[in-house]
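Each chain carries a letter (A, B, C and D) given by its place in the written order, and its residues are counted from 1.
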Amino acid sequence: MIQRSPLVLGKKTYETVSNDIAGIVERFPDKRFFAGLAGAQGLLLIFLLAQGAIVWFGMGLMGVNHPVGWGTDIITFVFWIGIGHAGTLISAVLFLFRQKWRMSIARSAEAMTVFAVMTAGLFPVLHTGRPWLAYWLLPYPNQRGPLWVNFRSPLVWDVFAVSTYATVSAVFWYIGMVPDLATIRDRAQNKWRKRIYGVLSLGWRGTARNWNHYEMVYMLLAGLSTPLVLSVHSIVSFDFAVAVLPGWHTTIFPPYFVAGAIFSGFAMVVTLMSIIRELLPVFKDYVTLDHMENMNKIIMATGLLVGYAYASEFFIAWYSGVAYEVFIFKNRAFGPYGWSYWIMVTCNVLIPQLFWFRYFRRNIPWMFVISIFVNIGMWFERFVITITSLHRDFLPSSWGMWVPTIYDFGALFGSFGLFFTLFLLYIRVLPSISMSEVKPVLFVGRNDGHGDKGHSEGKHGHH
Amino acid sequence: MDIIEKLIQKARPTSRNGVAGLWMDEHQMVEAAAKIRAAGFTQIEAISPFPLHGIDEAIGIPRSFIPWVTFTFGLAGFAFGTWFTWWASAVDWPLIVGGKPMWSLPAFVPIMFELTILFAALSSVGALIFVCGLPQVDPPVIDPALTSHKFALWVPEGSAGFNGPKLEQMFKELGAGEVKKAEF
Amino acid sequence: MSKKIVGAVVVFGLLGGLSVFVWALSTNKVVIGYNQGYEPDQPIPYSHKQHAGDLQINCKYCHSGVDSSRHASVPPLNVCMNCHLVIKTDSPHIQKLTEAYNSGKSIPWKKVHLLPDHVKFNHAAHVKAGKDCTTCHGNIQEMVVVKQVSSLSMGWCVNCHREPENKAPLNCSTCHY
Amino acid sequence: MDQNSSNNSPGQPWLSLEQWRQDPEFLKLTEKEFRSSPLQSEDGQSGHARRDFLKLMGASLALTSFGCVRRPAQTIIPYAKKPPEIQHGHPNFYASSFVDGMEAFGILVTTRDGRPIKIEGNPDHPANMGTMSARAHADILRLYDPDRFTGAKRNLQNKNRTNRETINAKWDDLDKNVVEQLNKGKVAVLTYNHASPTTQVLMEEFAGAFGGKIYQYDDVSYASLMEAQKASYGSAAIPRYRIEKAKVIVAINNDFLGTWVAPVTHQRQFASGRKKSTEGINKLVVFESLMTLTGTNADKRYRIRPSQSLDVVMALLHELIVVRKQSRYSADDGVIRALSGFSKNREDLSLNLGELADELWKNRGQSLILAGGLTADGDFGVALQVAANFLNSVLENDGKTIESGKAVVRGGPIGELIDALNKKQITTLIIHGSNPVYSLPPGAKFREALANVEMLITTSDRNDETARLADFVATDHHALENWGDLQSLDGTLSIQQPTIQPLHDTRAFQDSMLAWLKGANKGSAKAKAAATWYDYLTASWKPLATGKGSFEDNWNQILQDGVLKTSAASGGGRSIAGNTLANVKPTAKRAGFELAIYQKVGIGDGRMANVPWLQELPDPVTKVCWDNYACISPKDSVQLKVKEGQHVTLTVGDQKVEVPVHIQPGQADGVVGLAIGYGRQGGGKVVDGIGANAMMLAQWSDGRAITAGLETKVQPLVKVTQLAITQGHHVMEGRQIVVEETVADHVKNPGGQVHRHKMKTMWSEHKYNGNKWGMVIDLNTCTGCSSCVVACQSENNIPVVGKKHVIDGREMQWLRVDRYYIGTPEDPDVVHQPLPCMHCDNAPCETVCPVIATVHSDEGTNDMIYNRCVGTRYCANNCPYKVRRFNWFSYTDIQAPRQMALNPEVTVRSRGVMEKCTFCIHRIRTVKANHKVNDTKLVDGDVKTACQQSCPTGAITFGDLNDKTSVVATNFESPKSYALLEELNTKPAVRYQVKVRNTDHLKWAPKHAGGHGGGHGDGHKEDKKAPGHSEGGGH
């Protein structure tokens, strides 16, 4: 067995772990936090203004037109949904693979998932011409006959997939948080804090019988979330793959989208963790360079997968001999939107190659910059898919161009405001590292006195 | 204020008196639990800030039944998804959509799948909440540190084979840092 | 344990109630938001009970478009005046009618049965299919003030179209275009 | 002089300028004028609230309030006294007539509850046989134009008519002033071609009574054509062209299919010769400078400069008479001498016309030479027409493909009027129906000449350029508000009857003339007996409306028919007056660019340019709307280093205009084209400020506007504007979109060039047991005229979005006509393809709609349920034909009273919903409901879509595909038919029939773009060179 480095630095004990993590919630935040929150809320205000104007005056404020019926809203929807994959992946898939290094980042990654899916979920609603009627997409009994929805439409699949995903990942996140909320409750000196966290913790008592069921449910949720997370981006990719459009109508989309989602999700986790490590230095003990390096390795691997998908799309287009396909891919790379294609390739395939070098994998500023590039690249991937396929399809007469307006920028950048507002609030009011999961692996890789490794290992999923 | 207090008091779960022992080290506690059980104590509760390896065997907790709930409801979700998509599209109001058959089974698979997962996941969580008796309002706390860094064993008075003094004695012998009568 | 039972009863009771409500809504047992029962006062208190009920005037005498047009049409005042030039001319209401007729100003009747603009209903086709006026409008011959008896919701239309004996089309474009 | 009398003093209103400024009554009047100005929307009160039909508006569908607003209550206001012919929910049709330039034809006006909502062609009228031009459809919006004058106006002018104040005039005051002035004599009436015989009689009577003279001026003049007819045949009448009889048609700078003389008739005639695709299909050879609609339909097309038009005719004559020694003139020295004078020009022309000459000679008596039009109306304009007449007579076409026509001369030429004005022989001028101040070249100095009249009266319906100079505006009715009669070029008499009470306080010009005659106590007994113009008209028709019954019966019958069926004159032969070539002299060679002013198919002479439908109608050739622009050839654009939309200054003499450039493939090098009808300053809110007035560059010579062959300097500027172009790309990229066949191929194997696919499906298809609606569009007869586009827009309440939104790619027309270039940008072939919703059996749009807002009916139509739509736009993305249109904003806020033209049968769409072609489902529903109610059976031809009804060439057939005997079913299954993008297996219910080009080889053979295997690599080869403005400024 290879001697591994400790998962948690700083010779923590159970008590100091509680102090560290619950302490973030218990202390009054510093100025940097409020500065960050103000910035995020400024962006959120832009989002509200932009989307409010669009709802009030019409979708025409954005750049969408004929033939490019989908623009920033859908691109950003897919972008955020993609981001929302890393959390469940870390908490569920890595859990099933017994990856102990997931423990300290799982909670924040899950929170990121929930907020990203919330942000994403707004876009399909707001991109419709009549968002106030978006509830018609739900198959609820009604007085129209009743009239149901079209279960053949990928958008209805989306409704089911995204809402199931949002529900399950929120529940997963919350159930995981319950014991930690109980910790905060029991530590609370302030009556109201005790009450609020008392309610949030559902009165969790931590008996062995409860832990028995709890662990089982946690594993079941992880097991259910794994196919779910794969299905969600597969179904989002069906939005495109089920259409007849050249450039959309491809069978490679589900795995390609899932790989891209993991790619972008991990990049976003790296981005967030790089920020939080600076904002809350206590995190440095829990989210160590080893963690970051692991994630960077995954980014590089999925980056290669995505690069493979880009290449195979071109190959298949050529190999199929369908002129429409051939044209659309030539147009992608060398047409009027060719620049976006090359931004995508550079950011997603070329730049992550730096992670072949240990230096870049373990250097926080570098990985921060690279993760930002990956985020940009992944936004442009969806841009390339959406815009370049739509703008020149079957009949040349209906070809056109798409030009963004300030409302497009408002919707895109504003959505970061919503996401970061939620995330920053989460950091301050909820246990941002899973104490009940970190404590069992506290001594992994440590040679100091307390207990032997074997004892604490493999507590989860023992059954 | 008082009203809230009163409401909380009313809604509190019923608790029993018993004897609790508190440990700082989880391994000692697990070993102690096995020994106490061997000594004939029943209805032992082990309280810990995180799940403990080996405690189930130590105090005789059987494997959780929740997977059966998950499976049943997952199946129900699948069945509901299959039936509902068929009924709504082909029976209740059949409409010609894209030249596809009224019952376009391949197109309904995503719905069926998502409903399977949704039903299974929510039922599992529902079962957890039900079986753990959650939510509980202001449950009794033996020691606030039990959700942080301490570990406790607690045996209720009146349980089969209960012997207060013997228990206290054993707790102390097995390394409990603190032994006390406690409501739980 | 008793608390759990109370909780379970409450939860299942709510779920059951919701299901019944939803079932009632979608089968038109209960109607929300469709102005069923709307019964406005008209500028002249014209009584269908008196004209169609007691006097047994055929509906088509006034609503002449009903078997030939999409609209049953509210009669022009000259139809009223066919009789009321001589009948009950001392009534203040009839005097109001006569005045409106003579000045060419007409009467602003309150519309009772209101379909949204995106619904196209053809009276003639329904009359041709053998539907009696009362099927939708209720016992109009007994109404002193006309009241919207049917919900006129889409489900109400569709459920009648679904009856096999009506052989009515169920295309969306039957009514919406 | 007291103030009141000065106000009313007709002779010197401009002298009272200072006085009336202090007059409170006048101030009040001016105030009122501005308050009730047509530019402000709240004039509903004074304008038309009093109209009867509006009482019904409350009941008849609050059209603009689409949505679910339930209460507060609406009211039903029935008629007090219902006119017996009106039944709520049923349209009434009134036969009437329409005149546009030289063209007059019969129309049927659909009215709902007393308001006209749509104009259709009158099937009984021989000129159009039920079909229509785009402009005729647009006439309905001219009726509801908010910029119309709401009554008589008076302008208080200063001495030079450069400054004025407009006030409302009372008709009585106006009449008093006018009559007083008329009694002074020296009267002239300047009229347009109103095409009305009875109006002409009245006008002549009127002019005679006041010792005046009638002059004629049309915004687009056919003076040179008529002059040449007179020179060649002794009569200035425009002849009747029998294009359907011609096997070879040669058009020399003549856009007879688009704009010249009577395009609707010409299109039908041309198409009937086109339909004979297996035997004797006609051949159209076009020589032209610009790319016109006619040029796009050419089988063989030559590019010439405008000044070479005459050379082409003379070269053909030379080939026939001198080279081939054919015809009776082969020994005529005079003719040969005239031809020899052109040897230098023939050399410059350097076209090999021998083959064409042979073909013409072979088909003599079955050929037709059409020449001239604005684009060839240079100083050689008359000579060109004379030569063309001569060529036609050499080819023995007189009496066969050309018959003598009815004269349409309404008065003396305008040149004489200007002379008379300058000589101060006229003190009172009445201008009726034309706008010479706008459309005469500056060189005519008409505006200056007007300073010499004491009183100028116009009948303008708006505050246009001419009306602004008038003292009185005796605002005329719109034609749909007025009685009248029209005579079309073939002599057919038709009736124009009002279909609505006048919307405003306007008066028919004929009534004005009668009133003024009465006021002066003059005129014939008939005029004196006539209380109204209607009386005068019926009195005049007494001798015509003969038949079995009484006059009333016959008159009513004529009103019902709309046309006097016995009146079409049979055309006669005619003979040319010998050698008419003596005066035909070679034209001087031009240096640099030659100007070619032209008419657009949609805008025409600009008379209806304030109708937004026409502004937004993409030009059939350029696909640009909302602008005029300088067309230059691709080669010239390279030389001048200008790009699409870059501004240039065009300079002719000392006149300049600044316009953006449009690079037009197929245009002759060294030519710059500019459309008329733009640069208006008084046309109305829609048109004002758009483009530049092309006539500013035209010259005035010999009483004729010279609009072509003028040496022009083209100077590029820095400024670039985007042109609103509706088509994104202009070549087919090697895809099977429009399939062309040569005649030889087509005869051997019709449809043989179509690459067909064997499609397999995974599941059984749905059965359509009742009706299954389908459409076939014959690309061979479609000329691209775009009449269908406006017909659809009018029928289906389709909004107009404006230039900005068209540039953004948000045009709303449900039916678009795609135009593709084939071959090189220098010399492409052109094809047109109307593209409605395909109503695919396997519709991709339906599959992806989450809320079932678009589904199939059991009659095979793809229905769009607006009220269910939430607007995801997924359907539009997934439509391979891109026919779906989204309401990006709320387009329901239509300026009053234009909303009165809305069709109550069709739901007005709100913001955020998708819409598209419905196959006119409301017409299907109405017809089927009527059959049900009347216990009758649906037969083929009962249901016509709006586009089908409007198509002048009958290229669109529609009906029940399950009825195997129907025309559409036969066409649908014909081997000539193919489904667009068949390889996608969408199974469209619309099919196209191949285009046949009467040529030996095509410029490009369609390659197949879909599925099976390789071999398509070289499919784009030719296209590489093909013209493509890539994105061309649109979108």
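The rule is short, and it goes like this: a residue touches a chain if its C-beta (ideal position, glycine included) is under 8 Å from a C-beta of that chain, and two chains touch if they have at least 3 such contacts.
Computed from a predicted model, the values in this text were never measured in an experiment.
Chain pairs A-B and B-D differ in how many C-beta pairs are in contact, and the one with more is A-B. Relative to chain B, the chain whose mean Cα position lies farthest away is D. The mean-CA centres of chain A and chain B are about 29 angstrom from one another, to the nearest whole unit. The distance from the centre of chain B to the centre of chain D, each centre being the mean of the chain's C-alpha atoms, comes to 80 Å. Computed from the mean C-alpha positions, the centre of chain C lies at a distance of 47 Å from the centre of chain D. The mean-CA centres of chain B and chain C are about 58 angstrom from one another, to the nearest whole unit. Shared interface positions of chain B, defined as residues touching 2 or more other chains, are 93, 95, 97-98, 100. Contacts with at least two other chains are made by residues 844, 846-849, 852, 855, 857-858, 868 of chain D.
Within chain C, the positions touching two or more other chains are listed as 33-34, 158, 172. Those residues of chain B that touch chain A in the complex are listed here as 13, 25, 27, 45-53, 55-56, 59, 61, 63-64, 66-67, 70, 84-85, 88-89, 92-93, 97-98, 100, 104, 107-108, 110-111, 113-115, 117-118, 120-122, 124-125, 127-129, 131-132, 134-139, 141, 144-149.
Within the complex formed with chain D, the residues of chain C that make contact are 33-35, 38, 40, 65, 67-71, 73-79, 100-101, 103-111, 114, 116-120, 122, 124-125, 128, 169, 171-174, 176-177.
Partner chain A is touched in their complex by these residues of chain D: 727-735, 737, 805, 808-811, 816, 818-820, 833, 835, 844, 846-852, 868-874, 876-878, 880-882, 884-890, 910-914, 980-981, 984, 986, 1009-1016, 1019, 1030-1031, 1034-1035.
Taken in their complex, chain A has these residues touching chain C: 140-147.
Residues of chain B that touch chain D in their complex: 95-101.
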